[in-house]
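Next up: the structures, one after another.
What follows is subunit A paired twice: with subunit B in the first complex and subunit C in the second.
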Partner chain A sequence: MGLLSDPVRRRALARLVLRLNAPLCLLSYVAGIAWFLALAFPPLTQRTYMSENAMGSTMVEEQFVGGERARVFARDFAAYRRKSGALPVAWLERTMRSVGLEVYTQSFSRKLPFPDETHERYMVSGTNVYGILRALRAASTESLVLTVPCGPDSTNSQAVGLLLALAAHFRGQIYWAKDIIFLVTEHDLLGTEAWLEAYHDVNVTGMQSSFLQGRAGAIQAAVALELSSDVVTSLDVIVEGLNGQLPNLDLLNLFQTFCQKGGLLCTLQGKLQPQDWTSLDGPLQGLQTLLLMVLRQASGRSHGPHGLFLRYGVEALTLRGINSFRQYKYDLVAVGKALEGMFRKLNHLLERLHQSFFFYLLPALSRFVSIGLYMPAAGFLLLVLGLKALELWMQLHEAGVGPEEGGGSPGPSSSLLSAQGVGLASLVAPLLISQAVGLALYILPVLGQHVATQHFPVSESEAVVLTLLAIYAAGLALPHNTHRVVTTQAPDRGWMALKLVALIYLALQLGCITLTNFSLGFLLAATMVPAAVLTKPHGPRPLYAALLVLTSPAAVLLGSLFLWRELQEMPLSLAEGWQLFLSALAQGVLEHHTYGALLFPLLALGLYPCWLLFWNVLFWK
Partner chain B sequence: MVAARPLALLVLLLLGPVGQAEHPRDSFREELVVTPLPSGDVAATFQFRTRWDTELQREGDTDHYFLRYAVLPREVVCTENLTPWKKLLPCSSKAGLSVLLKADRLFHTSYHSQAVHIRPICRNAHCTSISWELRQTLSVVFDAFVTGQGKKDWSLFRMFSRTLTEPCPLASESRVYVDITSYSQDNKTLEVNPPPTTTYQDVILGTQKTYAVYDLLNTAMINNSRNLNLQLKWKRPPENETPPVPFLHAQRYVSGYGLQKGELSTLLYNTHPYRAFPVLLLDTVPWYLRLYVHTLTITSKGKENKPSEELSRKPDPPRSLCYIHYQPAQDRRQPHLLEMLIQLPAHSVTKVSIQFERALLKWTEYTPDPNHGFYVSPSVLSALVPSLVAAKQVDWEGSPLFNTLFPVSDGSSHFIRLYTEPLLVNLPTPDFSMPYNVICLTCTVVAVCYGSFYNLLTRTFHIEEPSTGGLAKRLANLIRRARGVPPL
Partner chain C sequence: MHYIPLKVALFYLLNPYTVLSCVAKSTCAINNTLIAFFILATIKGSAFLSAIFLALATYQSLYPITLFVPGLLYLLQRQYIPVKMKSRAFWIFSWEYAMMYMGSLVVIICLSFFLLSSWDFIPAVYGFMYPESPSHPDLCREEVIPGCPAMTPSSRENKEMFEHFSLFFVCVFQINVFFYTIPLAIKLKEHPIFFMFIQIAIISIFKSYPTVGDVALYMAFFPVWNHLYRFLRNIFVLACIIIVCSLLFPVLWHLWIYAGSANSNFFYAITLTFNVGQILGTCYAPSTLLRMNVIQPILQGVHGLWGERKTGSTGQCDRVSVVPGAQIWCSEGSFLGKVLSKCVGSNWVLDLKPWGRERERMEGGK
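Take a look at the complex of A and B:
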């Protein structure tokens, strides 16, 4: 503190920051990126371990043998489903009752804001069926959930079959201490959301649903199952939930324990885990998995029905059976045994899962990076913004103070004050205009879809996406509108003040995002920071403009899509990429309205206006 | 099917005249009621009544200030609940019906409820002397799926792995009742073995019931085969018909998510087709759920069930809500007490909901398993439920014990007390581990640093040149130096 309060040393320090600013910024940025890439390497990745005592030491013996029964259930379900064309509610009710469950149904309906072209739905109405297995000597205060989402076609019938066979097996056991809810939802995640909202008696997304008759206390954990074949070669586990929320790491550890015990082949992000971490190959493969996880988490989508449970404080994950060309296959008994083991261990829980990590990155199924180790990567990137802002602040300060120190001209303080006042006043217009464009981007596409469809030959969904792009591009015309409004006396001070505000605004936003969803924060920081720091109204302007456009939120989304498919070893062509980009935009808006995903409002109301400020700086006159 | 409920031990000391008839002194009665349920499960209820004379101190009148209500929302059911309870029986578990109380069977059931009631009873009409009555009840429901391997036939041996061999020598009455109501008209559906010698008919909970009676004191009953193993066989198993719904049932849950706010909702179902009846709802809520009483809403059939509206329209009863009593909580001393009389319209669902905020406890007040959640005790519903069949007034002493469990006030309705399920509520819980300490420490350091940094950032520094000052000041300093005072 003494160093900073001594004016002489303080000035020396300030000069140091000013002179070494560019190298410091570069160093910090490179350090951030390097730190992130190093996360996949052993000193930073650790082996996962079970923290929860109740699930750790005791072992259970799986006795599930109902593979044949599951296949019969699955065949019947698929047949009834084909016949009725919708979820065979009556058959499900009858079957669940026959295996001894307490059965209830819930009907729901939802009108989407605009037609969903990927899933081909607009006015959705469906029925969820769930059966409760009451634990014998417990008071229905706690429960576990096994859920199977059913889409429009007859996929997932094997999952329904396995669910029913497991229910029949579980019903005969006397050791249950928590109720188990077997839930079959219609319309994928919409059904799950409707059921969850009704169970917690809240209305988050404007879903109309009937009232739930049966409840089973506080849900402790949930497992979602997706299976579309009688045999599987591997089980893929999905952890990323809505808005980048993750389940407690112990739940994943539990799954991994039973993978190992049953000799199942388990994958994460569709990738097997590398065996050898000592050579370079293992960590490189880990890095690939890690990047895939970061991209998925950053998307803020719920990548399985489990993601919706996380909002309600229920730890959950999705298991997806994969049937590929591999030689060795597992039947439903192996999958059933893994699930039985997981449920028996969850049944042992005394407290809800809380011992292990809630924030982590996974380079492999058995390796993780904890929050303390990955946060510095984002910290270094945000430091760049801080350094640049500090430089600008000092330059602004010196521009005001400079003449006073040099020449000692009369009345410098009054001119400084007035200059600052004008500088701040000149910022109001760009700030307001960019925020207004953001607001328009958020509201207009959905609001104006009907007007657009009347005047142009497009469908509603196309109208929304095209309006989005139009408003987004129209925002780029902003500087030509504002510089007429703004009257600046000191030309340099104006843009510097604007850039200072924009830098602080960006740093604040990215900091907040990083705390809740590291992946999104890091991805945005890694792309937006260099352009934001470099932008100024003189120098190679076309270069800066190109850089800015390439790192704008929409371009980042497009780039992420290409990177995503590249990492999955399914490269996209340009045209495919563009199509995927358009559908991703529509999905983003839909997810916000149907499930409450926050990525779209965040980009439209926060980051896009902030990015426009930098655009404004670039074209400052 | 009923879920097992935690055993709520409620000792109610009602000081006042209860019965008027002359009773035999120091008597013991026991009985077992077996009821096959429509779901295929079997319910068995034991009743033991001991009555003895004593000269305990007693007050003249019922003083409601001495009435206490306490509840333990969570009780893990285990054999330790059963052993001391069995020791209160005169024959312990050596003879009589109590030989059936075998712990390993009783605790493999899907419902278990065990109670002790003790109360004074007037010995004569003027109540000059009193007897004390100790009544012990135990109800269990055997799950047809788990214990019966899917079969719905049952026998005493299959349920309890024991048979009855001899009555308790101290018992003045020892009987087994088997509910054969719905099958008595048509004997082809089921068969009871051995065939009953007598049957008993009565109105229980508003419906006509028929019971087969087996008296253990009747020596012929045991002597035939040295033991009595009651068996029930279904000739035509009941179809999966929907079980009849009781006129009054209730459900309770916590709504909302997150750790700040929540809502306690109680659903009261009146399934009676045309009769409305009032229900007394008693809620005790721990102090760490801070209730917002202004959010208390009672809705039936989509309309608000408000006293004022109904009162303005109709000055006479039936009023919707004519009694409400609220006693606010005191932190760490007393829970909220909310008592309401609510009119349930016919064939309706009434929702009573009240919002709450979760309080932060002091860190020493958390239980050893804070992440398990905190229990909120069940609501208690008391109601006079209208009956379908009018009951006749009976002689209490002559009728079976189970009959007196459901007192009938005027023949057209019967009294029911219901407990809803307990709730598990999560409170905001700090992470009681190493990271928690680290966070505390880091926050302290940051807070200290913040002050200094803020100070630096908001202050501007100017270098003050050491000036020599004017003539007057120099003179003053000279004088001050001469006086030995520090200079200006």
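Take a look at the complex of A and C:
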């Protein structure tokens, strides 16, 4: 504390900070971006390894041979599905019972806040069917879940077939220590959410579901399966879950171990893993995978039913079978063996998966970057905000630390002093108005969609999206809030105080977001920090205004959509990009209401008001 | 000095910490009420009421016993009884106050006994300090929203390993609350209300199960010492520490309890950082007050002002003495000069009575 209390040293430190502020900020920002880009390169990536002892050293012999049976089940399922148009509940119940499981059903219904145009549904009602395989000698205190999400079309029938065949095979074994739940859900993620909520006896999303009659204890792990063809060339794994939550890395390691054991090709994001990490190609491809993972994690969408399990403390993965143009194909037996091996290993778990990492980034399936190595990148970016805030504070309160004036002449310092009367009172109005606009952005689109459809010839989801954009743009026209309250003596102090508050607000929000969802925090920090730091009312105003608009949350979303498609080598034209952007907005609002995704409230209630404060600073008169 | 009661009320009622403790339906509002009534009764000069409220506050949780000293100092000051060992009036009044306090405390405890018909409540309520009692704190903090487990596996192991040191640990832990009373009493005996404020802050930092409602209580008194904040060092760093920690509390709590990806160490770390911020603030405030103590108020014209500063190598002192309306001469832009330049033109009055040596000096003439 000597550094902070000793006035001489403090003054020297303060002078250093003030003089070197701009170079330090620039250096810190560049360091943050460079550190992030260097994450895909070998010193910062590590090979994955199995951390959980209980899953490591035991050898299992897979004995699954039910490939033909799985195909038969799949064909029957597809046929009954086509006939009834919805999930064939009775057939499923009969089949599961014949295989030897305890079968239960659950019906659920949900009226979405506005019609969903991508999935074409509004009033959703369906039935989940699940069968429980009770462990013979255990007390039903823990369970594992194998789930197959079924959408409105019959795309997942091979997965259902494999599920039933696996259930038949598992039923004949005696080594199960945990119960296994085989779950078939309707309307994919909506059904999964309804089942999970009823299983854990909570109601976070307003789903109406019937009471679950059969339970099997605390769920330790879950695997979701999506298979649409009889043969696959590779198994793809999806890790990103709701709000950017990731499963424990051990589950991924387990999947990779069994794929390697069975000779099954495993892919991440549909691409094979680069083999050589010594030359430049491997790390570059790793960087591409890393960026794609960051973008998917930042979106906070659950790309598979496993994402909904993660919220309840259940580690889960989604496995998707890909049938591409490769020559060598694997049939359902290979996939079944991999799943059997995974479940046998999960059976050995003594406690929940906790040994390995919960926060990581994947440049490749067998390489990861842990949180200790990637967090400094975000730290450098937030340091820029801290340095700028410190500089503004020192400029506002120069009397304590500024250049030493000879003689206690009260003349020039009195003007400084009276301007310090710009206390917190005058900043309350811009803060309140920005928060109010943010609140309007959050509440009005869904609330006012019916009014909008009455007056304009648009559908409800278009009305929601257009209202969102309208309120967003209307906020840009509100910069002249309260500068009149500031004393005319020192008009500079008003905008500096507001900018200080806005910088601290932004730093706090980005800090909290980065702790829970690093990708979202880093993406927003990388785009919003330069504009936030550079904004001031003097100087080339159109340039700053353009920079600020380009880094606003909506523009960041648009830009990241284009980047995402570019990285997937499916570039978008401008019109397509705009359409995708509009549908992404609608999906964002919908997912917040149906699954509790937090991206929409964070942007509307947190980052947009903060950005509006900077817009106010820019147009300060 | 405008609207200070209103500001104090606003600082308490609109404080997010107060709102949080109301949401959690915590009883710290009752604690705060009793302490506030005690302060009111002390300031109004009623020794009897102040003793009763202090007894009630002590009855609830043992820590307000340390507020006995500042309360006594204020009441003595109010009656112009000097704090000297030889003075009879000092001992008589102290004895009276102590008797009133102990008497009310005994009455309240006996009432409890009659309500419950047994003495079991004493170890149950106050026994958290002693190592054998089941409810003693394992050096953990309880958040406003309950539900955190009181022990982690590591602390449980430590407790078992160091079983025979547990009394030592508990003593060291609890001594922090009581230890600072005497030194602060010696240093701040001319500013008993400020001493009370600092003592409340120390209680809310070092007590066994602190909550944010206790922090809200002493934060409410910030507007009373408004004039100190221009000279308070590092106010930016302090404010940032407190705000950042307050925002990180729920995030780390969520990561620990719901996401399961953190553990209690994160929570303890953020609690530690919050305490560091509070301790920094509590340390800087008295030192600022004592530095300000060289200045007597100028505007009301009753008091003189002088400051001392060593010049050159001979170590001679300059004395500047001021009456209102006169010009101030200071040799350099020293601390004194800056403070004077701030005093001029502002509208506040320091309510420091002339006391002790300064009073004698003034009465005796310069």
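What we mean here is this: the second predicted complex is superposed on the first by the 587 of 621 C-alpha atoms of A that agree within 3 Å, B and C clash if a C-alpha of one lies under 4 Å from a C-alpha of the other, contacts with A are read in each partner's own complex, and residues count from 1 in each chain.
The criterion applied here is as follows: a residue touches a chain if its C-beta (ideal position, glycine included) is under 8 Å from a C-beta of that chain, and two chains touch if they have at least 3 such contacts.
Predicted model only: the values in this text are computed from it and were never measured.
Once the two complexes are laid over each other on the shared chain, residue contacts for A:Leu390 go to subunit C alone; subunit B is not touched.
Once chain A of one complex is fitted onto chain A of the other, the partner contacts of A:Arg215 are limited to subunit B, with no touch recorded for subunit C.
In the superposition on chain A, A:Gly313 contacts both subunit B and subunit C. When the two complexes are overlaid on their common chain A, residue A:Pro152 makes contact with neither subunit B nor subunit C. Shared-chain residue A:Asp201: touches subunit B; no touch with subunit C. Within the superposed three-chain model, A:Arg171 lies in touch with subunit B and out of touch with subunit C [touch as defined at top].
In the superposition on chain A, A:Thr516 contacts subunit C only, with no contact to subunit B.
In the superposed pair of complexes, A:Glu351 makes contact with subunit B only, with no contact to subunit C.
By the touch criterion defined above, A:Ala138 lies against subunit B but remains apart from subunit C after alignment on the C-alpha atoms of chain A. Residue overlap on subunit A between its contacts with subunit B in one complex and with subunit C in the other: 1, 4-5, 10, 311, 313, 352, 354. Residues 1, 4-5, 10, 245, 311, 313, 352, 354, 358-359, 389-390, 393, 399-400, 404-410, 413-414, 417, 504, 508, 511-512, 515-516 of subunit A touch subunit C in their complex. Against subunit B, in their complex, subunit A makes its touches with residues 1, 4-5, 7, 10, 97-98, 100, 102, 134-142, 171-174, 179, 200-202, 215, 217-218, 311-313, 350-352, 354. Interface residues of subunit B, counted against subunit A in their complex, comprise 1, 3-6, 74, 77, 107-110, 112, 143, 145-146, 240, 251, 253-259, 263, 265, 369-373, 375, 421-426, 429, 431, 452, 456, 461-463.
On subunit C, the positions that touch subunit A within their shared complex are 233-234, 236-237, 240, 243-244, 247-248, 251-252, 254-255, 258-261, 280, 328, 330, 332-334, 336-338, 340-342, 344-346.
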